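Shared chain: chain A. Partners: chain B in the first complex, chain C in the second.
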Partner chain A sequence: MTQVFSPSADTWLRLLAGLGAVAVAGVLLVAGGIVRSDYVTGVGVVPRQPVPFSHEHHVGGLGIDCRYCHTSVEVAANAGFPPTHTCMSCHSQIWTGAPMLAPVRESLATDTALRWERVARVPDFVYFDHHVHIAKGVGCVTCHGRVDKMPLLARAEPFQMQWCLDCHRDPAPNLRPSEEVFDMAWSPQGDREALAERLMSENHVQTAHLTDCYTCHR
Partner chain B sequence: MPPADAPAIQHPMGRRPIVPVRSFASINEQITAITLHPPYLRNWWIGILISGALTGLLVLSIGWLFIRGGGVWGINIPVNWSLAIINYVWWIAIGSAGTLISALLLVLEEPWRNSLNRFAEAMTVFAVICAGIFPIIHLGRPFFFLWLFPYPNVLGVWPQFKSPLEWDVFAVPVYLVVSVLFWYLGLIPDMASLRDRATARWAQVFYGLLALGWRGSVTHWARWRRVYRLIAILGVPLVISVHSGVALLYAVGQIPGWHSTIFPPFFIIGAVFNGFAVVAMIAVVLRHAFGLDQLVTLRHLDILGMVLLATGVAVGYCYVMEAFTAWYSGDLYERQTLWDRAVGIYAWSYWGAIACNVGSIQVLWWPAARRSPWILFAVGAITTVGMWLERFMLQTTPLYQDFLPSSYGVYWPSFWEYSTLLGSIGLFFFLFLLFVRFLPMISIFEVAEVVKDERRSQAEGGR
Partner chain C sequence: MRTAFVVLGAALAVAACDQRMINQPKDKPYGTSQLFPDNRVAQAPPQGTVARDQVFWSWQTSQRPAMTEALLARGRERYDAFCSPCHARTGDGDGMIVQRGMPRPPSFYSERLREAPDRHILQVITEGYGAMYSYASRVPPDDRWAIAAYIRALQFSRNAHVADLSDEVRQQLQENTR
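Up next, the complex of A and B:
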């Protein structure tokens, strides 16, 4: 009987089996990498906005407080998006003829809202409440990043469930004194651990139900 | 008459030869010929076309389910778990016999297994594949089935390890992997036989690849035997874990009629019973279709009939104990469920299960019935239907009337649920026909081993 296989057949079989195992592991690793990548999470991606509004200029340069525009952040689930009138409280006086601001003036004239693209978005099935986070001492920067350094706004954090849970499981390191919540550049001084513990008890942060399903999915 | 002091029986099963003694070459020739020069090709094509069409129906049913969602099924509150789970439990139970015949009886060194183990193992693998479809398609969002597996995901959560649902996620894939591994390991020496006898180039390459360079050296055999036994020993506890896991899906719930400690052994016994019923049917059909009555002998059928009878009686005991426990508990709701089973709108499934599973097997007390292939086949078929009815009864009766009369409701399966069941049966036959066509359905070398033992015991004058 003639040989069915060449002498190297065994080597080829072993090589292919080994490559198959490597390929499976590789596919899993690549898939795991893709779902965590900025491409999927949108971190650092700047969406096209009707007006190139600069947080760097308004917050970092002029020092306008977050709450001047996002008025309901301390009292409601939604932080609040400024109506055109808020823009016009200044821009009816300064840069009144700037071409960049033409859409804002048009919005006021025609009484139609500017269509901003949302940057920090959580899915519809997540119940997120700004005011409780502010009340318990979570700073704006913790989720939204250093917006005072963003000429154009981009998402700073992945907004994936893992990221939410990281804090809900251990909120203490992310708390700051209530007067520092809106400070962009605050960093803790002195005994970090003692501060965290003090804030946990002062703000009555109860971790027992912080990771129950219904806390965020209602 | 042998002298009184001579050992009466040399071989444990030596009263009669298990298979008639013949040359190894003739066994090899007969079994490989079925694969290499298939008889009845026309009938095979008819079978593969019918089962292929039914497999198409399965694909269609699942496709429609995925497009339209769970609403195409008849399930709703309160009966929100139904045919998908019934079919899953039924198929996984059918699979149990292959592992028991192959692995448990290998470890116990029962030589009669050697004519049955190959096709019984194939049956296990295909039944587990059919079973595995249902837990995935019964999910509300089947495309998220991967969330069942514990892996470092971006949700930051793990599955609930305290739930029997999660235990099943481990038990079933492990069972499938070990079953496939065991089946394939057993095939390797036979693949080499086929490679050496094949004349067509494709067959030489196909079987040659599957044989993994088997030359039949003593080293090969020694290593092979060690691994084969090891996997066998791994396989046996898996039967227990899989069927206990399935039973605990029910028993951990607080629904009257499910919340019972008898469930794990009840399900294991039921699985063995159902599995052996299907093995008996397949054995009868194969020996008839391919003239294998010298390899799968009446003695084999006799043993299968006895196992069927013994496990069937045990199943009957479980039915009695279920009813007794419900009565003895004094619990109103348990008694109500028992009453609903016996006289409710699904009473046909209760009495059908008892008639099929306990009634029909009584004929097997007669040796003549066990040795009559077609009676054994009929009993196998009836009990297979009966076990499906039993799953239906266990699944539906506790749900449709539970604690609150205001939440009572009636369930009837929709067309798409029945078509999925029918399609899964088609898939099973499709895979089995491929197996019968391309792989040796009886283990060549293990039958040869039995013949060798028979020869030795004859030479020693034991009989």
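Up next, the complex of A and C:
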């Protein structure tokens, strides 16, 4: 009977098996990297807006409060985009002829709302609610980053399930006093842990169901 | 073999669901919809719509709430968010937007505005005044009262006489300035 396998077959088999294992591990690593990459999560992507509205100018430079424009953020699930009327409460008087603001004036004249490209978004199967986060002392900056330093807005955090859960498992270190929620530059002074503990009880933060699927998928 | 195909088919069918779950055939506030001529989900209420809370708001607007510390604190927060860009946190009327070209509003410390009734402030917030737009859509009636109360407190802060203070506060003041 002739030999089916050559003497080196065993070596080849081992080599191929080894390479195969490396390839599988590599694919998994790369895939994991891609799934978490900014390319997939959309972090840092600046969409083309109808008006080049700058949070850096309006928030950082002029010091306008978030609620002047995102008025419903404290009371509703949606923060809300400012209606044209809100822009015009200033721009009816200043920069009235600026070509950059032409779409705003047109929107007022034709009574059609501006259509902003969304930056911060979760899929339709996820339920998110601003008002509970604001009421319990999570600052805008924790989820949206330093918008006061963004000439054009981009997403600052991945908004993936893991990111939500990282906080929901232990929200305490991310809380701040309610008067600092809208402050972009606030940082805790003194004993961080004591403050976290005080805020957990002061704001009545309920952690019992924060990681249950139905909290976010309903 | 046949079961394998069925399982594979089912798996493929489930896989295809994914997109539908991310962009579900439901209308969310900022989405588009073929239902309306302008293709938007968020529609302005039809002409003549009366808000469910309209009666309550009218009632609230007519009732001056009692002056409390909580009301003042609320008023201060709302004032800083909605009024201070132009009127400045101090109420002098030289806020950031005014420094950038907005017409200068009158100082709250002017004789006329100190004499003006609370109702006038409420009316200015609700209906606007000259170059100032209405803030009715952003400041609900109870907050309008809170802001009016805070503006009163601002005005008082620069025109108070020691004799007007309560005994307790006067004593505190004397101790602090000693």
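One rule holds for everything that comes next: the second predicted complex is superposed on the first by the 204 of 218 C-alpha atoms of A that agree within 3 Å, B and C clash if a C-alpha of one lies under 4 Å from a C-alpha of the other, contacts with A are read in each partner's own complex, and residues count from 1 in each chain.
We take it that a contact is a pair of C-beta atoms (placed from the backbone, for glycine too) under 8 Å apart; a residue touches a chain by one contact, two chains touch by 3 or more.
Since this is a predicted model, take the numbers as computed values, not measurements.
Counted by residues of chain A touched, the larger count belongs to C, out of chain B and chain C. Contacts of A:L62 after superposition on the shared chain: chain C is touched, whereas chain B is not. Of the two partner chains, chain B is the only one touched by A:F5; chain C is not. Judged by the touch definition given at the top, the superposed model places A:L13 against chain B, while chain C stays out of reach. When the two complexes are overlaid on their common chain A, residue A:M161 makes contact with chain B while staying clear of chain C. Once the two complexes are overlaid on the shared chain, A:V43 sits clear of chain B and of chain C alike. Of the two partner chains placed around the shared chain by superposition, neither chain B nor chain C is touched by A:L195.
When the two complexes are overlaid on their common chain A, residue A:V35 makes contact with chain B while staying clear of chain C. The residues of chain C lying in touch with chain A in their complex are 21-24, 26, 28-30, 38, 40, 42, 77, 80-82, 85, 96-97, 100-103, 131-133, 135, 137-138. Residues 1, 4-5, 9-10, 13, 32, 35-36, 158, 160-166 of chain A touch chain B in their complex.
Those residues of chain B that touch chain A in the shared complex are 152-157, 195-196, 204-205, 208-209, 212-213. Partner chain C is touched in their complex by these residues of chain A: 62-65, 67-68, 71, 78, 81, 83, 85-86, 88-90, 92-95, 112-113, 118, 123-125, 179, 182.
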